[in-house]
Each structure stands twice: as structure tokens, then as C-alpha cells.
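Paired with subunit B in one complex and with subunit C in the other, subunit A is shared by the two complexes that follow.
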Partner chain A sequence: MQTTWGWLPAIYLFLGGLGAGALMVAAIFEFFGERYQSDFCPTALVGATVPGPLVILGTILLIFDLGAGLREPWRIFYMFTHFSSVMTWGVWLLTFFIPVSLVYGFLEVLDTFPAARDWLRGRRWLHWTKFLWNLPLRRTKRVFAGIGLGLAIGVAIYTGILLSAVGPAIPFWSTPAFPGLHIPLMPFLFLASAFSTGESLTVDLMATLFVDGRIPRGRRVHLIHLAVITAEALLISHLLIHAFGEGGAAAEAARQIALGQHSLVFWVFVILLAIIFPFVGHLYAAGLGRHLKPSGISSGISILFSGLFLRYLILVGGIHAFL
Partner chain B sequence: MEISRRRFLGLVAAGAAVAASAPLLKGTLPATASERPKARYALVIDTTKCTGCGACIEACRLRNHLPEGISYIYRIVKGNNREPWFLMIQCQHCANPPCATVCPTNATYRREDGVVLIDERLCVGCKYCMQACPYQARVYDEERGVADKCWLCLPWVLGGGLPACVEACIPGARFFGRADDPNSEVSQLIASGRAQPLHPEFGTDPSILFYVIEAE
Partner chain C sequence: MSRFRKSRWVVIPVALILVLGVISVGLLLEPALQALMAQPAPTPTPELLNYRAPQSVECIYCHVSEADLRVALGPDADISRLLILPDEVYSLHGRLGCVTCHGGNGYTRDVSVAHQGLVPNPSDYREAARVCLHCHTDLRTDIPEKYLHTPHERILRGIREGWEVCACSNCHGPVAHGVEPIGSHEGLAAYCIDCHTARNVPPERLKCYGCHISPHDIELDCETCHRSVSTWAQVRLAVHPMELTGGHAGISCFVCHEKPAFRTISGYTCKDCHQRPHDFGDDNCERCHTPEGWSQ
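Let's look at the complex of A and B:
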């Protein structure tokens, strides 16, 4: 196992993925009209408002993880400068994602709670935001949702490319998605996991808690989540099978994860909690058209936890090529 | 621990005694050694002579004022229990260095003479380079929060001296010289084909370190 990057990076990769995934769900609800089936849509509300703070928190953790960047913070600005580095792309993506998602969340709050606008009118010191609430609300919101969706996909994929970009140094991280092609698997896995955690927060948890799981086109929403969970399962199995077949450091990583010292975490917290249990829960929900409280809350929480554990396992599985 | 830039400034003074070309060293290392545009260094390690004693590890630690237990060189034991042999690993000064590609701040760069350096004034300590180096040649300077690694004792070399590891090697398993001079010992070792880069399949094109490996 490797220790250069451990829990802290796992947490900020998770927060980045969760924020990106939640915004993707909200934007999809926005574009396909589910948002407007009722006045109060907790999925879109949480999916729009939460990503900004989550990603800000993740970015703060990232900065805390920097050695010299924490002591001499101006050095962080150098991180914008080297475009061959995937980390530089990430810093730019976060720089755009955070304000866009904050504005999107702000507009969604104004749309959901008309009283918020009156409250704002009464606050002199907030009048500088006037230009935002005077625009045609829904059309502006839609623009920000669209930009946010693109950036969210970028953020989710970036967390995977960050790992795969180390190339031959860490064979487990650079496992190809398709045999023979130089397309890495990690970005797809991180995108799927981001979407799954985003959906578990906004749909499984929020919609279940606040509107009793009654979301428009619930059956389809749960089928989509089912497909994403299946994709995750296929990607994880492909990752491990390929790593075992490749031998060397990749096989050692796969061995530690599936059979060795991390196997308990892997089988319980990832396979059982992220795959099998939510799969059954969503199958049930897809049949019913909505989550019942127990299945919604339990699969929501288990997917969130397992998203964090999955990232942790992938990070500690980053064993360097044997020399 | 006082190393790198401060260390370097100290070295300029110390090196002046050894070095005729001390004026070269103007406070920070020049990005290119314009005075010697064609200099290409090579370090060959003959694993058939290396006894794995670790004198190079210790010499490197002392010259670079590294804390106990940290060195730019580490040892891998190969072979079997009865006939072990040793690979001493340090930065290979790759011509195509992945550490520099992934560095978000441009702190890691490659000089024209092939030496890969870290400008620690730029480094944020993200450790991405430590992940991307397939030779695991980088260490992390906990005290100052920056990445660190073998710099080929460049100030000594530019001043006509030798890297500490080469000076310290007891069985004489380390050869250092200029690869652009066909008469040098290292050039001849490389030309003979006995000295090869380590793991060329990584695609990083190690351009300074070569190993003579005849065991296994």
C-alpha cells in the first residue's frame, strides 16, 4: 500500500466527486423538466446549493494537504501555470466550478423560496447581488445549470485522470478501460462513482426525506441509478481482473484490495454497501417508482460512505511499479 | 536542516576553493549551463562491483544535510539470499521526466545538460511528482514541505568536482564523467553496451544514470 496520499486526498476527491455528481443530477432535473413538476423539488434544490460548499471544503482540505503551499500560500497561484499537469487543469476547473455552482445554488434558492427575494430586497448590504435577481430567473438559472453540468463532468473525470496520468509509475492507476486502447479506466470509474454519490444524496436521501420519495418519473430515475451502479460494478471488476492479469505492482495492489489487508473494507464497504445493497434497494424502488423510507435512507447513506472508501482503496492501491 | 537554496549559496563559497568556474554560480542555478552548452553528464553504476555497503547513501545524506534515515539514494536487494546483489536507486535524470510533466507549478524542470532540478521557491509540496516518478527517486522534505531529490551535486560538478556518492564509493563501482567526451570512461562504458538505462520500458529515457547489470 502507498502512504504518500491517504485519507485526506481520499476525502477531497470524494467531496469533489459528490459535489460534481449532485450538480449533475440537479442540472439533469432542470433540463428534463422534473424540477418543474412541483414548486418544491428537494433534489434540484440540494443538488444546486450543496456542490459549491462541498467543493470549497474539498479545496480547503487540498490546500491543507500542500506542504509549502500552506506555509507560503502565494505559491498556490503557481499551480495555475503548468498546463501539461493534470493538477493544473483541476485547479482551473475548481476555480470555475465553485462560483458557477454558487450562483446556480443561489438562483435555485430564489426560485424555490419566493420569500427569499423579498428578504434580499430588505437587506441593503446584499444589494450588489441585484443584477442576479433582476435577471429572468429561470432562464439565467438554466444557463448556469448548463455551464455547471459541463464543469461538473470535468471535475468528476479530472479526479480520475489525476491518478491515471502518472502512467507507468503506478500501473494500477493507469489500468486501461479497454484492452489495447490507451484510454484509462479511472476517469470512467470516478465519473460513475461521482454520479452515484450525487444521486444518493439528492434523490435517495433528500427526496425520500422531504417529499416521501415521490419524484417525477421516479421509475426512470431509479433505473438510471441502477445502470450507474451496474457500470461501477463492471468497472471495478474489470480493474481488478486486469490488474491481476497484468502482474507486478498492479497485481499486488489488486491482491491487497481484494484478498489482502484491505479486503474487509473492500468487500463490506465497497462491494456490499456500494453495489449489492443499493442495487437491491434500487431494483425495488424502480419497481415501485419510489423509494420507501428505509430503502432510500439506507442505500443513500451506504453509497455515500462507500464512495469515500472506494477512493481511499484506490489511493492506497497506488503501488509503484517494481524496479 | 538547511539545504537547497541556502545550501547552495553556502556551496558557492565552499566550491570557490575547488572551482575555477565559480563565477558560474550566481546565487541560483542557471536554467541552462550556457558556458558549457554541450556538457552531458553520465553516472554509471557497476552492480557487479557494488557491495551494497551504503557508503553512497550516507555520503549523500551528509553532503546534502539530510535528516537521519533520509537520503536521495536508496537500496534494493536483488538476487537470492545466497547471492544477493544491489541496485542503488537515485534520480535517473530522465530526458522525458514524468515528474516535470505532472508538476503543476513548473517547479521541476530539466536543464539543457540533462540534469533535472526542483526550484523549491515554486514547489507547493503537492507530492504529485513523487507519484509520477517510476523510480521512486523523490523524497519529501517534511521540514519545508517541498519535494526533494538527487541533484547530481551540480555545484560541485560545475566546479570540477564529483557527486558525493561517486567520491564515497568504496569498491569504485560508480563512474562519473561527461558523456559528450568520447574518451571518458563513462562514454566508453556506455559505448560498450554494458551500461544500460534502468527500465527503459517506462519511456522516461533516463539520460544520466546507467547500470552495468550482469547478475541474474
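Let's look at the complex of A and C:
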């Protein structure tokens, strides 16, 4: 069993996925007009402002996890130039994602709080930024939402690509998405999980807590979340079934997760909390057209827990290939 | 600032606190849940991939010492193949450790125990699938099988189906023992030709045809036309039955010839390639036109 990656990488993979997923939801709200159904949209506000800090925190943890990089930080800069490495792709994605998400968050704050915009505009020490205040706020925000959406998808799938690239040393992580094709499953699973956790924070929790589930209107967003939860369930099933069928280290990893040492964590924190519980909650919300406090809060919290534990289990469940 | 609707600001810190709370509770819950699970007794699992040199540490004690090897094998034994120089351990493959490729037991100095399950030649076709191919999964297969005497596809098929095929080291040379594996075309060519020469293979197998099979229907040395060992496309016109000048000078071989055969044009007259666009005159185009262009 691999012992190199444990809780710390699980936390920064979770923070990266959650930040990316939250920004995806905010950008989708921006483009489909959900953001402007009301002057205050907690989903968009959290989805735009929280990804920056979360991903920054995740990046700091990542640097702590880099033994040599922590002792000799200048070596991190070499990671920018090794273009055949998945790590380098990730470093560049984060390099662009963090500032774009911070700017997008700042613009969303200005849009949500006009008084803050007026206050900043009136500061003499910010007079040199006068030309920026003349830009159309919502159009500029939409540009950053678009760029952020693309980068968020990249950040969400990159963590899965990183893990699958470790194969064939850990065959469980390089399970293919389609039999016979060398397209790994992990990026798809991490993308689905990122979107699900992002939506749980911004829609299930924030919109339920702060506007009583009145945002989003209608059942469309809840149905989309149901589809994502279903996709996640199918991907997890495929991952385990393929691993059992492959035999060797992959099957042993799947056995440890589903039936062995980690099975309680898996069935409680992943299957029950990520799939069954939120599925019922979202079925209820989709039928009603909105989340009530019990369904929104319980679904949101359970999906956040499951996103963290899914990554942790995938990491600690990995077993080195047998020689 | 007082005009700001403070309750709305709360959304952002609440979201961040929720996320941090989930992580903190998760960190507390996981060990508790694990404690509830009956910890299974360690089950015998297959040997893990030993990527670290320390696991081969006992091998080094004997194999770097000529005196120890002599004691173990006798004063007249040929120990050159078994003696490892300390520097060799730090080569690319050497750092994987002896047992990674050779098996055996690197934790003991007992000769018989240490050599149980030893694989003397890990690149042998019977072992390569287990050893070399474990890491080298992306073998180059872009040259079609019909144009190489020993293509990777055939070797992989042979390993899979258990035929006797050549070993990885037959072409790529030894690894780890003070040498780096041969990967470049120049290195492979020199290594193959040396081996072919030593085995007195026919002379035509001492050049490109030692490994490559020509797709063309002409008997020329490859290097007569092909100028690069990294791409077949870089060629020069070396021989041609008729002089190619003017408009003919710059065109690719396969504009006129069928690919890959060359003998698809027999006459080398204008009408073999060109159609007469006018009714007057005959097929002797050269009476009026020159190769510089039809307008000339």
C-alpha cells in the first residue's frame, strides 16, 4: 500500500476541486442569467470569491508537501519549464487560475455591493485606477467568468490526470475510462466530484442558508446536480468493477476500499454521503423546485465530506504494482 | 462603510469556515471510524515493487568486492561479469537497486538465500515482460511491422504468447552495470552491426537492411537517397534514369511514382505522366516545350 500520499494531499486535492467546482457554478450562473434573478445571489458571490482563497490555501499545503521544494523553494521554479510533466501543466493552471479567480471574485463583490464600489471609487489613493472604473463591470466580469470557467475545468481534471499519470506504478489510479482505450477515468471522476462539491457549497448550503433556497429558481439546477451525482456513482462503480476485473494490485486496492480496511469509510462517507443521501435530497428539491433547509444543508454538508473522503480513499487505497 | 449590508458579507466567511470545518471534522472522524473496523491481520501479499537501492544493500557487500567474490567462487572463477563497481550503482537503472530487476533477496549475505529466485538476465524474453516492460510501457511502434525485421509489436506478441523472441538487451544493450541503455538510432545501428559482424551475417545485413526492410522495388542502399536517420521524408534525388531539371527538379518522387514502388513508370516519356491538352502535334512534346515549363 502506498504510504507517501495521505491526508495532506487529499486536503489540497479537495480544496482545488472544491474551488474549481464553485467557480464553475458561479460562471454558469453568470452565463445563464441565474445570477441576475435577484440583486443578491449568494451562490455567485461565494462561487466567485471563495475559489481564490481555497486554491491559495491548497497551493500552500502543496508546497509544504514538497519536501525538497520546501527546503529549497527556488527549485519550484524548475517546475514551470518541464513541459512534458503533468506537474508543470498543473503549476501553469494554478498560476493562471488564482489571479483570474481573485479578480472575478473582486468584480462580483463590486457588483453585489454597489456601496463598496462607490467607497473605493471615492478614495483618493486609488485615483490612478480611474480608467478601470470606466470599464463595463458586468461585461468585464463575464470575461473573467469565461476564462475562469475554462481554467476551473482544467484545475478540476488536472488532479485526476496527475494521479493517473503515476500509473502503471499504482494501477488502481490509472484505471481506463473506456475498456481498451488509454484514457484514464480519474480526471472524469475528479471533474464530477469537483462540480458536485462546488454546487453543494454554493447552491445547497449558501443559497439555502442565506436566501431560503429561493435561488436558483426552478428545478433545472437540482436536476443537473442529480445527473452529476448519478455520473459520480457510475464512475465509482466502473472504477471498482474494472479494478476487480484487472486483478493484481488494482484488485487488491479495490478490495481494501470496498470490502477491507477502508470499507467503513467508503460505504459511510462516500457511498452514503456522496451518492444515496444527496440523491434523495436532490430528488426532493427537484420535485419541489427548491431546497428546504433540511434537504439543502444535509445534502451540502454530506457532499463536502464525501468529496474530501473520496480523494483520501483513492490516495490511501492505491497499492503499488506487484513485481 | 456603514451603508454596506453587512449580513451579505457574512456569506463569504461562512463558506470558508464551513469548508475548514468539514476538513477538521473529517480529520477527527477518519481515525475514529478506522478504529471501529477490525484491523485485519497482515495477509501475505505479493512482493511489492522495490524501487530503492537500500533494499539491495547486502548484494553490494559481496558484488563490489573482488576478494569476497573470489572467496565465494574460488580463485580461478571468472568474476568479471559479477563484479559491480561502486559507481555503477548510481547509473539510471543502477539506482533502482539490484533486486528490482534481478530478484533474489537483498537483505541477507547468505549466498544461497540471497540468490533464491535470482534472475540472471532480466531482459531475456522470458523475464522482460515482468521486468523491463513493467516500466517501459510506451514502446515505439510507429514504423510498420512489415518494414522492420524485429519490430516491437512482434516481440511483445511473442512475450505475451510465449514464443522465443530476442531479448531487450539484444538491441538495447545491457543496463545498469556501468552502461546506459542504447536508445539512439546511431547507437542501435552500431550495436546491431557489431553483433551481426561478429556472427558473420550476410554483408547486406550489415547496413540499414540489417534491421529495416525496404518498401521500395529498387535495390539501392537506403542512404543513397535518405539523408536523415530521424525521418524518412528527408531525401535527396541521388539516381534517376532521366535528368530532372526545370519544373521536374523540385517535385517529390511520389508525384510521378506510385508509393512506395518506384517502377510504376516504365517509359520516362512525357506522355507517361502528362496529358496532351491540344489536338495538334504528336506526343513528342520536346519539339516545342522544355522542362522549364509548358509556356517555354
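The rule is simple: the second predicted complex is superposed on the first by the 307 of 323 C-alpha atoms of A that agree within 3 Å, B and C clash if a C-alpha of one lies under 4 Å from a C-alpha of the other, contacts with A are read in each partner's own complex, and residues count from 1 in each chain.
Please note the rule applied: a residue touches a chain if its C-beta (ideal position, glycine included) is under 8 Å from a C-beta of that chain, and two chains touch if they have at least 3 such contacts.
No experiment lies behind these values; they were computed from the predicted model shown.
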For this session: Return fit or clash for subunit B versus subunit C, each positioned on subunit A through the superposition.
Result: clash
Exercise. Among the partners subunit B and subunit C, which is in contact with a greater number of residues of subunit A?
Worked result: C
For this session: Would you sort A:196 into first (subunit B), second (subunit C), both or neither based on which partner it touches?
Result: neither
For this session: Could you say whether A:101 touches subunit B, subunit C, both of them, or neither, answering first, second, both or neither?
Result: neither
For this session: Look at A:169 in the shared chain and tell me whether it touches subunit B only, subunit C only, both, or neither; answer first, second, both or neither.
Result: both
For this session: Report for A:87: first if it touches subunit B alone, second if subunit C alone, otherwise both or neither.
Result: first
Exercise. Stretches 112-120, 220-228 or 238-246 of subunit C: which one clashes with subunit B?
Worked result: 112-120
Exercise. Residues on subunit A in contact with subunit B in one complex and with subunit C in the other?
Worked result: 168-169, 320-321, 323
For this session: Name, in rising order, each residue of subunit A that touches subunit C in their complex.
Result: 7, 11, 14-15, 18, 40, 42, 45-46, 49-50, 53-54, 112-113, 115-116, 119, 168-169, 201-202, 205-206, 209-210, 248, 252, 260-265, 268-269, 301, 304-305, 308-309, 312, 320-323
Exercise. Can you list the residues on subunit C that touch subunit A in the complex?
Worked result: 1, 3-5, 8-9, 11-12, 14-16, 18-19, 22-23, 25-27, 29-30, 33-34, 36-37, 39-40, 45-50, 100, 130-131, 134-135, 137
For this session: Within their complex, state which residues of subunit A touch subunit B.
Result: 4-5, 65-71, 75-76, 78-79, 81-82, 84-88, 91, 162, 165-170, 318, 320-321, 323
Problem set entry | Residues of subunit B that touch subunit A when the two form their complex | 76, 87, 89, 98, 101-107, 120-128, 130-136, 140-142, 144-146, 198-199, 201-203
